[in-house]
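Provided herewith is a single structure, encoded as C-alpha cells, for subsequent inquiry.
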Amino acid sequence: MTRRPVVAIIMGSDSDLGVMSETAKILDGCGVPYQLKILSAHRSPDDVARFARSARAKRLKVIIAGAGGAAHLAGVIASHTTLPVIGVPMATEDLKGIDSLLSTVQMPSGVPVATVSIGKPGAKNAAILAMQILSLDNKGLEKWLTKFKKELVEAIRAKNPVG
Amino acid sequence: MTRRPVVAIIMGSDSDLGVMSETAKILDGCGVPYQLKILSAHRSPDDVARFARSARAKRLKVIIAGAGGAAHLAGVIASHTTLPVIGVPMATEDLKGIDSLLSTVQMPSGVPVATVSIGKPGAKNAAILAMQILSLDNKGLEKWLTKFKKELVEAIRAKNPVG
Amino acid sequence: MTRRPVVAIIMGSDSDLGVMSETAKILDGCGVPYQLKILSAHRSPDDVARFARSARAKRLKVIIAGAGGAAHLAGVIASHTTLPVIGVPMATEDLKGIDSLLSTVQMPSGVPVATVSIGKPGAKNAAILAMQILSLDNKGLEKWLTKFKKELVEAIRAKNPVG
Amino acid sequence: MTRRPVVAIIMGSDSDLGVMSETAKILDGCGVPYQLKILSAHRSPDDVARFARSARAKRLKVIIAGAGGAAHLAGVIASHTTLPVIGVPMATEDLKGIDSLLSTVQMPSGVPVATVSIGKPGAKNAAILAMQILSLDNKGLEKWLTKFKKELVEAIRAKNPVG
Amino acid sequence: MTRRPVVAIIMGSDSDLGVMSETAKILDGCGVPYQLKILSAHRSPDDVARFARSARAKRLKVIIAGAGGAAHLAGVIASHTTLPVIGVPMATEDLKGIDSLLSTVQMPSGVPVATVSIGKPGAKNAAILAMQILSLDNKGLEKWLTKFKKELVEAIRAKNPVG
Amino acid sequence: MTRRPVVAIIMGSDSDLGVMSETAKILDGCGVPYQLKILSAHRSPDDVARFARSARAKRLKVIIAGAGGAAHLAGVIASHTTLPVIGVPMATEDLKGIDSLLSTVQMPSGVPVATVSIGKPGAKNAAILAMQILSLDNKGLEKWLTKFKKELVEAIRAKNPVG
Amino acid sequence: MTRRPVVAIIMGSDSDLGVMSETAKILDGCGVPYQLKILSAHRSPDDVARFARSARAKRLKVIIAGAGGAAHLAGVIASHTTLPVIGVPMATEDLKGIDSLLSTVQMPSGVPVATVSIGKPGAKNAAILAMQILSLDNKGLEKWLTKFKKELVEAIRAKNPVG
Amino acid sequence: MTRRPVVAIIMGSDSDLGVMSETAKILDGCGVPYQLKILSAHRSPDDVARFARSARAKRLKVIIAGAGGAAHLAGVIASHTTLPVIGVPMATEDLKGIDSLLSTVQMPSGVPVATVSIGKPGAKNAAILAMQILSLDNKGLEKWLTKFKKELVEAIRAKNPVG
C-alpha cells in the first residue's frame, strides 16, 4: 500500500484481527488506503495517545477502533483527536458484547464515538460508514456506494423466488 | 437560516424536540446550517423515504435521526441514502432506552448507523460528530473543534481545586 | 401452489430460511396457500414498501415477517399496510435475540406488530396465529385449530406415565 | 353498548384500568363493540378458563389481555381458545415491564400470544391490531384503518416546519 | 413405587426430563415417594387444573414444577391449590433462562411460587427444599438433611489441600 | 405475642421494614406467631449464623429473609439450617432489584432458597408461602388458605362489571 | 489538609461530587489525608495521564475514581500506574449504572480495576477498601477498621427488638 | 511453598480451579507465596468464617475469592475480616456470569469487595491487583509491576505492523 492511508483501523488485541479484517477487506475492495494497528487503551496507553494526537496532522480522516469488554479504545482515541472515530464493539465470551457496546456508545457530552453493531456486521459497517464520510468530497466513493447499494438490492432479488 | 442546510435533524415525534434541540443548539453555536424535521419511520414512511432518497441531491451532508422504542428511523433513512446517518437513541419511559439503543445500533452488514449515547448526551454528541465529519474539508470547523476540545479541558481545570 | 396466497412469509435474509420454513411447514399442513419472499428492510427498502403497499389489494390477509438484530422488517411492513403483521424475532449470534425482540415489539402507538416468541417456536406460532386470524371466517380452519388443540393435549397425555 | 361484543378486553387487576382504557377508547372511536372484564390468571383461574373456553361460542373474535409481572393472563387464555389473543405487557414498578414482556411473548410452540409494546402504546396498538384482524371481512373497518393511517401522516406533517 | 406419593414433579415437556430427573434422583436417595408427570400449562391446561385442584385431597404435600420460556406451569398450579409449589426455571436456548426465571418468580400478591435456581442446580434444590418442608413433621427427613449438610462440608474438606 | 414464634422474619436493614412489615401483617391476620429481627449477612454475620444454627432447636419452622443488592442474607441463613428459607429480594435504587433477585435465587446445588417476587408482592407472598408450608400439619391454616383463595376470587368478581 | 495525601479521589465531573464526597467523609473520619480532583478521561485525557503517571512518585498509595456511562476514568488511570485503583460506577439517568459498572469492571488481563458497588454505597466502600489496603502497614488504621466492624454489629443490634 | 503465604486464593468449588489457577500462575511467576483453598459460603460456611476471622492473625494480607451464581463467597469472607478481599465472578453456564458479577459487586455500605472482571481475565487481574496492594511496602513487587507494565507495551508493539 503505497498511498498515504486515510483510514486507520485500530484494534485492542490481535485476537480481534479475525473480526477487524472484515473492515480491511471492504476498504481493499474500494481502494481506500488504510493502515492497520494494534494499540491497547489499557496496555499501551501512551502509544494510543501519541497515535491519536498526530492522526489529523498525518492526513488520516477517519479512525476505526475495535475493542471488547470494558472497551475504552475508541473513547480514548476520541479524547485525543477531532477526527470522527468509529467504534466496533467486539463480542465477548461471557457477556456477548453487551459490555463492549455500552462501554463504547455511552460517551459523555463533547466526545462522541460513532458506534456500529457488535462483531462482524459492525466491522463491515465501520468500513461502509468510513466510506460514506469520505464520499462527501470524493465522487468516486460516492459512485462506489451507490453501486454497492444497488448490489445489495440485486443480491436480495436474486434469492427470490425462494426455494 | 438562509444558507442551504448541510445537516438534517430528524426526529420521530415532537416529544423528542426537548432532547434533539440540544443538537440544534450546538450547530447554531458554530454556524452550521441545518434543517429540523419531524418524520416518523412508522407513521409517515413515504415521507421518510422521499426525504432520505433526495437528501444527497439537495447537498445535505449528514443526517441525524433521533427516535425511541423500536427506533427504526435512523435505520430506515440509512436504507435510502449513501450519506452518513447518525442515530440518537431516545430514553424511553419503561425500558429506559435500551430498546432504542439496540434497535438503532444493531444494523445488518451493509447499512451502518453511527450510533451515539442515549438521550441528551447523545443529542449533543450527534452535533459534534457531524462537525467532525464536516471538518474534513472545512478548516473553519476544524478550528472550532480544536478550540472546543481546549475548552473542555479548561472547563475541567477551572473546577479544581474542588470545593 | 396454484391457489392465490392469503399469507405472506417474508424474511430479511436467506439465512433465516431454516427458521422461517417452520412457518411454511405448518401452513402446508393445513392447506393455507402462502408465498415466501426474501425482502430486507435495510437492503431492499423500496421492494419492501412496494410489497407492503400492494399486499391488501392482492388479497393477502396476514403478513408474517422474520428478522434479527435491529429487526425493522415487520415494523416497516406494518407502516405501509392495514393488514395484521406478525413479527418473528430471530435469535442473534451475540445478543441471542433480545435485540430482535425489542426492535420488533416496542412499536409506537398506531402501528402494531403482533410479536411472537424468539426463533423456531415463534416461527411455528406465527403460522398458528395466522390461522387463528383466518379462522374467523373460515370454518375449515376453525376445525383444524380445534383438532390441533386436542392433539396438543393428546401428545402430552401420551407421554404419561413418564419413563 | 347493546350490540354483541366482538372484542374482549381482559385485565389482571383493576390497577391496569388506566392503561387498558386506552384500548377501549380506540374501539369506542371506531364503533367496535367490546366487553371489559377483570379476570386474574392467578387469583380467579377458573373464571379465566370458563371465559376463554366459551369465548368463541359467544361470537367473540379477538381477546386482548393486559397483565404485569409473571404475566400469564394472555397465555392462559390462549391455552383455552382458538381465537387470536393479543397480549399487552404492563409496565411494572421494579423491572419496568421486561418481566411482563418476556412472560407474555415467550410462548411455547402451538400456543401463540400476539404481543404488543409495553404499557400505553401497547394498549392502543392492541385495539388497532384487533381492528386490522376484524377488517379482513369488514369493509367499514378497513376504511377506518385506511383513514387512520392517513391521519397519522397528516398529524406528523402538520408539525412541520418545526418550531 | 408402591407408597402414596407426597411430592409431585411436574414438567412442561419431556425435553425437561433430563433436568427434572435430578429432582427425582435426590428424592429416590432419601426415600420420599413421588410421582412424575408431564403437564403443560399451555397445551394441556385442563389436565393441569384438574391435577392441581385435586392434589391436596390426594395427600400430596409439595408440588415441584419445571418449565421454560413464558414459564407459567408453576404459577398456574399455584393458582389452583393451597399446597406449596416450587418452581424450577428451565434454561432456554436463546435467553438462557432469564425469561423462565422472571415468568416463574414475579408472581402477584396472594399466589406465591417458591422459585429456585435456573436449570440443574435448581432441579436438585427443589428436591432439598421439598424435603426441608416435609422434615417439619418427619424426624427421619430432618436427620437425612442434617447428615446431608454434614456431607456437603466433608466433600469440600476432602478436596483440600487443593492439588 | 406470647406464643412461641414458628416463623422468623429477618431483614438486612431497618430500611427494609416498610416492605417486610407486609409479611408481618398477613401473619398477624391469620394468627401465626412470628418474630421480627434485623440481622445483616455482611455487618453482623456471627449473629446471623448463631440465629440460623439455633433456629430449628427453638422450634422455628420457616425463616423469611429480605435483603437487597448483593442479597446474601437468605443464602447465608440457608447455609446454617435445614429449615426452609424463603428469600424476598428487595427492590434497589439503581438496578431495581434484579441484583437482589439473582443474588437470592441463583443458589448452588444443595442449599436452596425459596425465592419470591421482588418487593412488596414478594413480602406478602412470603407470608402466604410460609402458611402453605405450615398448613401441611395444621388444619386451621389449611382452612384459612382455602378461604383466602376464595376471597381472592370474590374480590376480582366484585370488580366486574368494570366501570 | 497539611499532611501529604495518600489517597486520591478523582471524579469525572463535578456532578459526581454529591456521591464521591461520601468517600471523602469517611477518610476525614479516620484521618487519612487525601486529595480531591476532577479529571475526565474523555475531556482532559492528558491531565489524567499526567496525574496517574506521577501518582506513585508523589507517594500516593491508592487512587479512587468515580465515573458514569462509558466510565473509562478508573481504567485509564490504571493503564498509567502500578498503584491499586478503585473504581466507583456512578448511577446514570437512563441505564441506572449498569453501563458504568460494565465499563469499569470488565477490564482486560493485566490492568485491574478494583470495582465497588454502584453509587453511594460504592463511594463509601471505596474509602473502606482504601483503608483496608493502607492498614496492611498501619496499625492505627487496622484498629480503626476493627472498631468500625464492631460498630456495624452494634448498630444492627441496637435496632432489635424491632418496633 | 515453604514461605508463609501472604495471599489466599479461595474458590467455591473445585470446578473453579481451571479459572482460579490463572491467579496462582501469576503469583508463582513473581514469587508471592500463597495458599489455595476450596471453601464454600453455602456448603461449608463455618469453615469460611473460621478461615476469614483468623486470616489477619495468620499474616495473610490479601484474600482472593472466586465464585459463581449467587456468588456470596467474597462477601461472606469480607464480613469476617478487615483485610482487603478481591472477588472474581465466575462465568455461569446459563446467565454467563452477570449473576455472579452482581452478587459479588453490589455489597452494602461498610463491607467492600474489590471486584474484578468475569472469568479468566478477572482471575489474572486479581493476582495483579493483589501485587499492586502488596507493592505498597515491597520495592521488589513494585519493580516487578513496573517491568510487567513495560512488557505489556512491548508485547503490543511487537505485533505491529500487523500481518
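We just call them A, B, C, D, E, F, G and H in the order they show up, numbering each chain from 1.
We adopt the following convention: a residue touches a chain if its C-beta (ideal position, glycine included) is under 8 Å from a C-beta of that chain, and two chains touch if they have at least 3 such contacts.
Fair warning: this is a prediction, and the values are worked out from it, not measured in the lab.
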Determine the set of chains touching chain E that also touch chain F. D, H
Cα rotation angle, chain E onto chain G, in degrees to the nearest 5, is 180
Copies chain F and chain G touch; is their interface built from the same residue numbers (over half shared) or different ones? different
What is the distance in Å between the mean C-alpha positions of chain C and chain H? 49
Chain centres from averaged Cα atoms put chain B and chain G apart, in whole Å, by 35
Counting only Cα atoms for the centres, state how far chain A is from chain G in Å. 34
If I count partner chains per residue in chain F, which residues reach a count of at least 2? 40, 43, 46, 69-70, 95-96, 98, 105-108, 110-111, 113, 117-118, 121, 152
Chains touch one another in the pairs A-B, A-C, A-G, A-H, B-C, B-D, B-G, C-D, C-E, D-E, D-F, E-F, E-H, F-G, F-H, G-H
Give the list of chain H residues in touch with chain F in this complex. 12-13, 40-43, 45-46, 49, 69-72, 75-76, 78-80, 92, 95, 98-99, 102-108, 110-111, 113
Which residues of chain B touch chain A once you look at their complex with the stated criterion? 56, 61, 82-84, 86, 101, 105-118, 120-121, 124-126, 128-129, 132-137, 142, 145-146, 148-149, 152
Taking the complex as given, what residues does chain B use to touch chain D? 14, 17, 36-40, 43-44, 46-47, 69-70, 93-96
What residues of chain D sit close enough to touch chain B in their complex? 91, 96-98, 117-119, 121, 152-153, 155-157, 159-163
